[in-house]
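Look for chain A in each of the two complexes below; its partner is chain B in the first and chain C in the second.
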Partner chain A sequence: MLELQAITAGYDRKAPVVRDVTLSVAPGESVGLLGPSGCGKSTLARVAALLHRPDAGTLLLDGDPVRRWRHRAPCAQRTAIGVVFQQPRLSADPRLRLTDLIAEPLRATGRRDEVRERVAELAPSVGLTPDLLDRRPHEVSDGQLQRACLARALLLRPRWLICDEMTAMLDASTTAALVAAVEEYRSATGAGLLAVGHDQVLLGRWCDRTVSWEKLTSTEAGE
Partner chain B sequence: MSRRSTRTVRVRISAALVAATVLAVLLVPPLVQLDQQAVDLSSKLLSPSWSHPFGTDDLGRDLFLRCVYGLRVSLLVGAAAALTATVIGTAIGAIAGALGGRADRALMRLVDTFSSVPHLLLGIFIVAMFRPGVWPVIVSVALTHWLSTARIVRAEVLSLRARPYIDAAISGGASRWRVAVRHLLPAVLPQAALAAVLMVPHAMWHESALSFLGLGLPTHLASLGNLIQGARGSLLAGQWWPTLFPGLFIIVPTLAIAGLAGAWRERINPRRRSELML
Partner chain C sequence: MTAPVLSVRGLSVRFLMPSGRRIAAVTDAHFDVAAGECLALVGESGCGKSVLASALLGLLPANAQAAGGAYLGDVDLLAADERTLARTVRGRLIGLIPQSPAAHLTPVRTVRSQLEETVVALTGTRGRAAVRQAAEAAAERAAFPAGHLDHHPHELSGGLAQRAATALALIGNAPLLLADEPTTGLDRDLVHHTVDELRRQVDVGRRALLVITHDLAAAERIADRMAVMYAGRIVEISDATAFFGLPGPRHPYSRGLLGALPERDFIPIPGMPPELGDLPDGCAFAPRCERATPTCTTLPAAAAGLVCHHPHVTEDLRA
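Presenting the complex of A and B:
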């Protein structure tokens, strides 16, 4: 289980963006989190990905509470969660070729020998052709770059995937291809998914259940 | 169009002058095979002529040779000091930006403390603690000139640190060290290298200033500052060449290096013009 319990988080302690939110994702389940822009759902996604320390509340990862965040979190906990962000341009180091971009997590965790094999295996599954792999981020389109970012997130075979507005910048066919790639990965590995977005139709068709941000915050306030 | 072409001309002239400087410094001493220290009192204070293009000084030494040797020393000291200053500045700026929090505040207060003292005075204070020599001058210039690089690098690292690709790297299991070395440093290196090149002429001026004050390089070493310092007496007696030529040897190469670095700066960062100092 990926459980967010009574999370309060933000960038200023006096004015948290996320107040007392509880949400959980079961293994193999896909949960869509629906909310307008600027409501704090991305912050919640960052907390769930261990990238932002909440001011209050607990995050349970397979029953273990997370005590440390960002680089201080144990590597095994961090890499159990794959993250895809909204803007591929900002999520890709502009100096790395797409191959190196995708392979980065294997190199960072000291598993260089698996790079060639894993990249060759992942690239077709997200729809990247070999000639694209040699290019740098500025030489490919947003959609192609986002495919590489998805491949990077899947590289270490995470048990949880967090897609924060993964398709907001993309056209319909790329969106469909990326969602298909995520679903293919999930059916093969049984990974859980937290998809954050504002597109009700997309999340409704993609996920087992969708939760709306207002409901999430108002029921918590009522309890 | 015409602005563009004047800029191209300026860059070409600068490049030619820098090339000439480097060639002179590398080629003249081995080719000429004359002793720049050779004293010849029978030909002292000769005005410029074909045999002595820059004239001779009060001990009859050929000024052209002295200037080339002086330029060599000044360039070496300037480059070494600029490089050291940039390495210190980049390291401190990167550490402050990457660690953040208390470490950042402490390091930035250190920068403020250093910059609250006029840097020439601080430099004089540092060289005055040692016997005259090449190293004290390099250390003194380096220790007073890492501040702006540290500030620039810190600001750059702070803005990079908040990018999602750093988050993605952390989520992919990268350690703090790996994030710094693989993602942050390569991004700030072009800025740091530019700061280093811009610092070379500045450091040369400081070397000359310190030597002119008699605190820098030992007087037997022909540096441009020493040459001007030694020529003060003859200037009052009406001999202009021992002052003019070393002076030109400071001004022309430093302007040329600064011109090249300025063009480079505009190329890598068209909008930021005034942040790096000359």
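Presenting the complex of A and C:
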């Protein structure tokens, strides 16, 4: 289980954007989190991805509470989660070729010897051709770069995937292709998914269940 | 039908790369936009949509070459010099609604001051009170709330920034509005709102609107006609009602794009678009097309707003 319990998080202690939110994702389950822009859903996704330390509340990852965040998180917990962000341009190092971009998580965890094999295996599954792998981010389109970012997220075979507005910048066909790649990975590995977005139609079609942000935070609706 | 506001005739744009490669960003585009009409130009990212917009505004980078013609009234936009473009075209004949309004607005000045500056630059209004009044009227036209006029861009939400940018674009009373991805990154409610605002400018102001977008849902809501672009070429121009309803798109690519929507089949088009620097001789979509035959290695002729050897044809048309 990926369990977010009574999470309060934000960037200013006096005015947290996420207040007392509880949400859990069962193994193999896909949950769509819907909300308008600026509501705090991305912050919650960052908490779930161990990228933002909450002010209060607990995150349980397969039963173990998360005590450290970001680079201080233990390797086993960090690598159990794959993250795809909204803007591929901002989440890709412009100096890396796509191969190296995808391989970075293996390098970072000291498993260089697996790079060649894993990248060759993953690239076709996200629809990347060998000539694209040799290019740098400025030489590919947003859609192609996002495919590489998805491959990077899947590289360490995470048990949990967090997709924060993964397809907001993409056209219909690329969106469908990336969602298909995620679903293929999930049916092969049984990974759970938290997909954050504002497109009800898309998340409704993609996920087992969708939760709206208003429902999650309705306890404080009187504010 | 009234005379078109904008006529694009055989517009092509080539980029010359340092390596000597030529990138065919736009190839032989033909279309018209009339007053009171909205044409939506859709296609995948990187297909050349935004380059086409830059060509119309004379904002192509130095290594680009444009050929063909684009006529706005009696001005040929491609032949016009920078002085004409700056003094009579941008803002006055073409109002640009930019892709990311937050980046388009000057961050260190209030919305009011930017509106007033534009009023002074584009209209003959003079005198502090008159300018102030004209700026407020401009804000109201785009439904920008008067209470937010003294805010800086970073204090505005995405929707309000969009309206501020729209208000700026409308000041010059340009007959043609050009909206480049006006809804990217906005949530569904804001998309609807933005699109409805734009539509109102078309209906009430009798302006011509060219919307460039990859958001088909937004295009469906606003467009009278659809132009679909693939690998730099406009492959289909259709009436929007027929495109989204029955009989549906005629070009296999448009069909695939529409079928990829989550509310439809949610099936991606196999493969990826070709490189614009390395296009095949024939139909660029053929390698991904299920209807492709050996004929597709030659370029199909454009007929009835369609560039395809094997279009989807409805029964009554075939008879």
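One rule holds for everything that comes next: the second predicted complex is superposed on the first by the 218 of 223 C-alpha atoms of A that agree within 3 Å, B and C clash if a C-alpha of one lies under 4 Å from a C-alpha of the other, contacts with A are read in each partner's own complex, and residues count from 1 in each chain.
The rule is simple: a contact is a pair of C-beta atoms (placed from the backbone, for glycine too) under 8 Å apart; a residue touches a chain by one contact, two chains touch by 3 or more.
Values in this document were obtained by computation on a predicted structure and should not be read as measured data.
Chemist: For the combined arrangement obtained by superposing on chain A, do chain B and chain C clash, or do they fit?
Modeler: The answer is fit.
Chemist: Students often get this wrong, so check: with C-alpha centres, what angle lies at chain A between chain B and chain C, to the nearest 10 degrees?
Modeler: Reported to the nearest 10, the angle reads 80 degrees.
Chemist: Which partner does A:D142 reach: the first (chain B), the second (chain C), both, or neither?
Modeler: In the superposed model, A:D142 contacts chain C only, not chain B.
Chemist: Between chain B and chain C, whom does A:R118 touch in the aligned arrangement: first, second, both, or neither?
Modeler: A:R118: touches no partner chain.
Chemist: On the A-aligned overlay, A:K41 touches which partner chain: chain B = first, chain C = second, or both, or neither?
Modeler: neither
Chemist: If we overlay the two complexes on their shared chain A, which of chain B and chain C does A:D199 touch? Say first, second, both or neither.
Modeler: second
Chemist: Once the structures are superposed on A, label A:L156 by its partner contacts, choosing first (chain B), second (chain C), both or neither.
Modeler: It touches chain B, and chain C stays clear.
Chemist: Between chain B (first) and chain C (second), which, if any, makes contact with A:R19: first, second, both or neither?
Modeler: Touch status of A:R19: no partner.
Chemist: What is the contact status of A:R70 with respect to chain B (first) and chain C (second): first, second, both, or neither?
Modeler: first
Chemist: Once both structures are aligned on chain A, how many angstrom separate the closest C-alpha atoms of chain B and chain C?
Modeler: Shortest inter-chain C-alpha distance (chain B to chain C): 13 Å.
Chemist: If I apply the document's touch criterion, which positions on chain A are contacted by chain B in one structure and by chain C in the other?
Modeler: Correct list for chain A: none, the interfaces share no residue.
Chemist: In the complex formed with chain C, which residues of chain A make contact?
Modeler: Residues 36-38, 86, 127, 129, 141-144, 168-177, 179-180, 198-202, 204-206.
Chemist: In their complex, what parts of chain A are in touch with chain B?
Modeler: 46, 49-51, 70-71, 75, 78-79, 81-83, 85, 87, 90-93, 95, 104-105, 108-109, 149, 152-153, 155-156
Chemist: Under the touch definition given earlier, write down the residues of chain B that touch chain A in their complex.
Modeler: Those residues of chain B that touch chain A are 163-165, 167-176, 178-179, 182-183, 186-187.
Chemist: Can you name the residues of chain C that touch chain A in the complex?
Modeler: Within the complex, chain C touches chain A at residues 43-46, 157-158, 184-190, 214, 216, 256-258, 260-263, 266-269, 271-273.
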